[in-house]
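Structure incoming, see below.
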């Protein structure tokens, strides 16, 4: 069947941003694109299913395409794809406003959440149950942290951005190599204090509101919308806000991408225009509507690069990346 | 007959022992009745709590704060002959300027324009496209205020909380208050919730797309699973020889009921979309996937209902020379209909509330217009709820609850028909 | 046009029905009782013969038309366009041609494309008309053939009923096909999974902790794929749900069927049925935000520490959700027991309660077990409540106060997460699904055995 | 109270003809309606203790309806309404405070259409003794079941298949099973609605023998279409016609010297 | 074919005793099993056209089972298995190519337990004529219903309540309704399983009259427990005992000079 609208799949993290672009694009009088949230992996699978009207034109990703996914794409004839970096998403650690102010270092977060930690030079299963056991200055309340499940890109980003840095602070762990090191640095504890809470960030927000001792890990936009009931935990002394995230001083932010199937340009009506709208200043610029939704914008130079990439339809090759 | 002499007088039911025993039996009876009543009350109370909490969080979504703006459609900005591509952004900016006539600081105007919904341009454009005669005129119009201000009016954002704990700062609030003082702010019924399609702005988002999508999907689901379910059940119960094979089929169907719904989504994805090439996100595919789910329910329940029809009725009909098909159509099915309808009600209710399989076949798309047919992309109510429940904007919290209430309303209307039929057709024999 | 064609098929079938019926009527007037089938069956026979094959023909035509025309179109394209083009590119060209043909021109199409689009449009037109003509001819022919077969002794009823039976068999087979489809679509990926993870680990491992990173270039933690805790978690939650739902549901059914008067029953039954239709997301919120804190508070009152995600909260809420399956279906089953049974028992001096528990319930057992099985199935297959309220951490425990995870939850989070599809993490979802399928199959076989053993047939 | 019933009984049955003069069951002005339709009109009937009363009359005249009034089985029919007064041992059985369960335990019933439970033959008979706690152990229960089945002369036919379903029996066997079930709880009054309709002469004779024997201790009311049977087993006979109790009296009188012409016509087969 | 049946019939019933010598239904070596239990043993019985054959025998001996073989109603019982051969007008009714529906339309049945449809009285009777297309219009249908109900002597009782449910009738009325329902389709053979068991003598007499009348055109097989009834209505009688056809012959012979001792004992009531 012929198709006159754009089809977009992909990450649920990129979804709200693409959603905004879709709405603007439609309001400009274009045929309304169909946008689905499938998760990054699911999106890649559908996106790489092949070229042609039965397959989507764009997929959003909260992580870069993997080697395996790239190969799958190529195997299905999707060998000309442009990778577009649109900005950053801040991850906030937050808790109820009624709780005490907290300022944690990455090492302390690691101590609270890792499956194994270093105690007196020994690597042992995480013994900490109370915050005060990590640092006597912390409140004497049980560690309860709601966070993303291991299937989520958010979790991956959190592990890479926080846990990896955190584990460097411990000499015995830092001394480990390869798999052994990964084993310690990557694994979140599963004995209770860290609770994998599914992908619904609003649910975490509501649980934090109900339980003032609990911490939650979720997208910055949820914190922004719920400033009245939640407050951020400073990481390494820096609280997340637009400024700190945008400058990159706040350590927990991850890049967001989308991928365009170049073979569809010029065939699917509006695809090129849509991509251009996405990377227009009005959209992902510092005052654009994506920023309003919580996207942390790229620097001016990076935005220029991105725009150029889109305009040229620059071929992206996973091997070189 | 020798044994019979063993007993001389009947044991008296009026004896104390019997009375005592009977008291115990009555107590057991009352206990049973009490437990029954308690069970029902518990269940209904829980439903009540559930509905109550939904209404409590959702009722605010049924109203929406509006601001009255004065719009002048400048023919310079909007061409009467081609109203669709006018510069409505400028028209709205002009209206905002009129809203704050004394303001000249662009920063203040910028803030002011954020009070009016982002969709104002679209609303205007649709109006003018519908009635090009508006070009060149000036009129006043009520448009929704944007979500933070709506939340402020509804008291979700509290004015007395510290400024850094608020979504709106003091300046924004005072600007808004000037409008309130001038009586331009009004809270009205939120018809947009039912008649608008989805939007990323809570104040504009509506359920029409999801309602239509759910309707189509359920229609497809019903049209497939109801006749097929009954046909399969009749075959298995009445025609199929009772042997190992039919046992396998029976187990199989029971087992299908236990298959997680998402697996049906996988199957639908693999078969309907990848193999048959049906479009993604289409209610047709959604309905087909849902019917895979409801089919076992309907089959199982229909079989139970058919089983319950006493054999004497069948014999009576067979005895006057009715064929097996006629016996079933004329006698057995009518007697089994109440049971079948129960199964259908429950099966469709389940289908209506199902999310997971729809996620896999793409019926969770973000769409800004309702589908025009069963082949066009659509969402369904549960997936819409799922999407809204995961949106950061405050306005969606209430709207999620409201959407659930709408879904339940949909469910109740749907069931009411079936229940009416069931009540009409039920009889004891 | 297709719509009109379907309408035409309908009309033609109706005509055939009337033709057949009046033929039948003719036989009756001519031969009296010596006619095999009633006129209405002659009508139905004719209608089916005219309608069904044509409908199938048209549907097949519509299904194949596109690809046939596409083949022709590709064959007719000038070599300049197709030379060296991959099938994918050709598919795009075809799509462009189609867009042009339907008037959606957004970039300047080349003349070849425009020409092809014209061809495409005209072929499409021809195909449609051909279809209409063929369909009409087919129907006329079918009607003629059907009419010639009709005779006083023609077994129209059997012919008609055979068709009905075929449709019924088809419907029953559909269920088998679905099963096959599920098994096939799960097996392939499961095998992939088992080539990465040893089955022994999966089936006997006690540790489910798939923390493999989702990016290739990123360092990965260990993946532990021991499915035992996931299955025990499923069992735990489903058991809790049934522990809540079976007593509540049965008691409600008993009350509705025997104690409540007809009006009360007419109101309460549908109200309970609403419970089955509340979207599970809602139950999820309910479990997390209302029930779980309540359970925790209750626990802390007695000094028991209860995790914020507890199997108890999830299971209890799930129990409420599946309650109508048991209450409604059991009520129907009890209602269906003939009144003579009821009277027989009451006349023995049994109380209402005794009548229910000792006579009606056993007699209604198949229906009740059916309801419970459905409820159990639903509990096993339920996802959202558990995702939200019981969590995602696999715990090998029988303690309902701790958080556990279930198979379906793992499947859903694995499938709609961000993990790529060649990762064992995602593939494990298929293995889980397959094993769950087998496990529930065994449970169902067991249930069938039990029902067959204890079934009591009245009359 | 006892006094009162006695007097009333005496008034109704002018000349007591057998050893028992005590009225066990007394119906006064009983009217029964099915919806708008009246099925029984002002029935006044007194039934003596330890004797057999036969109810006869053409099909549809209200015999079953009357019988079902006596243990309030009519309560189970929604549209059925009963007025008037029925007393059992002087107590009003339609008294709201009355315990229907006790009533039905005291007044057993065999239905016109045999309705065995979909349970095993053993369970069918054991059901009553179980719920009324008549047996203190398994052995005693088995004894009761055997005794009841023997009395209903079904034992020989089913003793090897006690575990099979009661619904797999032949029509006559089912009927005897229902009789066994009813007598297993030893009620004071036994209502039998055509207990021998599906039985062959020999089985019928045995049931009649049983009835005769039961009469020693129980009060029995039997609906029958066979004049011969009524004559053989009953001491008193009541003749119903179109919902009206036409005549009631000692069986031999009813059959030999009926007072009413309609009775005369009916018992001599000249009716209709 | 016709020839063949005739010879066979003659061979079985040595001396034809009445106007019809043509065998309508012939059973040869019929064995019936319920699961493992054998209910009928090698039954050889030939039933003459346009005459009434009575099946008698003690309860549970297999009368109903045999009757149900003749229109293949036993097909509906899963565990029931029939071997041997049964022919209707020379055609094997267990032939797989046979249309059972046609068979059952030709061989009507009144069941032992009255089983009216839970529909209106009118619909109960009209059902058969409807599905067999016996009435060309509403008026004709009404006429058939009235005629059938009259023949079953139920018309007077129900004519004002034709729209009420058939299940709300008294036991005897239900039985007559089922008779009306069976004769409404004018089958060639009518199987009646104790059609008068719930009927009073007058109604019984009317049904017997009906049977006599039907005999002119139809073949009737009736199960009865009443020797008198068998003697009154039937031309031939077959006596079953414990699943065996003990004796078959002209009714008067069976009742006066039976050849088998068991028959003798049974008809004289000395059985058991």
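For reference, chains read A, B, C, D and E in written order, and residue numbers begin at 1 within each chain.
Going forward, a contact is a pair of C-beta atoms (placed from the backbone, for glycine too) under 8 Å apart; a residue touches a chain by one contact, two chains touch by 3 or more.
Quantities reported herein were computed from a predicted structural model and do not represent experimental measurements.
Rounded to a multiple of 5, the Cα-based rotation taking chain D onto chain E is 180 degrees.
Chain centres here are Cα averages; for chain A and chain C they lie 35 Å apart. If you average the CA atoms of chain A and of chain B, the two centres end up 31 Å from each other. Centroids of chain A and chain D (each the mean of its C-alpha atoms) stand 83 Å apart.
Separating the CA-averaged centres of chain C and chain D is a span of 54 Å. Contact with two or more other chains is made by residues 101-102, 105-106, 113, 131-132, 187 of chain D. Each of the following residues of chain A touches two or more other chains: 1, 38, 42, 199-200, 203.
Counting partner chains per residue, chain B shows two or more touched chains at residues 13, 25-26, 311-312, 323-324, 359-360, 389, 429.
According to the touch criterion at the top of this document, the contacting chain pairs are A-B, A-C, B-C, B-D, B-E, C-D, C-E, D-E. Remark: chain D residues 71, 73, 76, 101-106, 108-109, 111, 113, 115-119, 127-128, 130-132, 165, 167, 178, 181-182, 185, 187 touch chain C in the complex. Partner chain B is touched in their complex by these residues of chain D: 99, 101-102, 105-106, 131-134, 146-147, 150-151, 186-188, 209-210, 213, 217-218.
Those residues of chain B whose C-beta lies close enough to touch chain C in the complex are 13, 25-26, 28-29, 31-33, 35-40, 42-44, 46-47, 49-50, 53-54, 227-229, 231-232, 234-236, 239-240, 247, 249-264, 266-267, 270-271, 292, 295-297, 299-301, 303-305, 307-312, 323-325, 338-339, 342-343, 345-346, 349-350, 352-356, 359-360, 381-382, 385-386, 389, 404, 407-408, 411-412, 415-416, 419, 423, 426, 428-429. Chain A contributes residues 1, 5, 7, 9, 12, 15-16, 18-20, 22-23, 26-27, 29, 32, 34-38, 42, 46, 49, 54, 97, 199-203, 219, 221-222, 224-228, 231, 289, 293-294 to its touches with chain B in the complex. Of all residues in chain D, only 34, 37, 56-60, 64-65, 112-114, 157, 168-173, 176, 193-194, 197-206, 225-227, 266, 269, 271-272 touch chain E in the complex they form.
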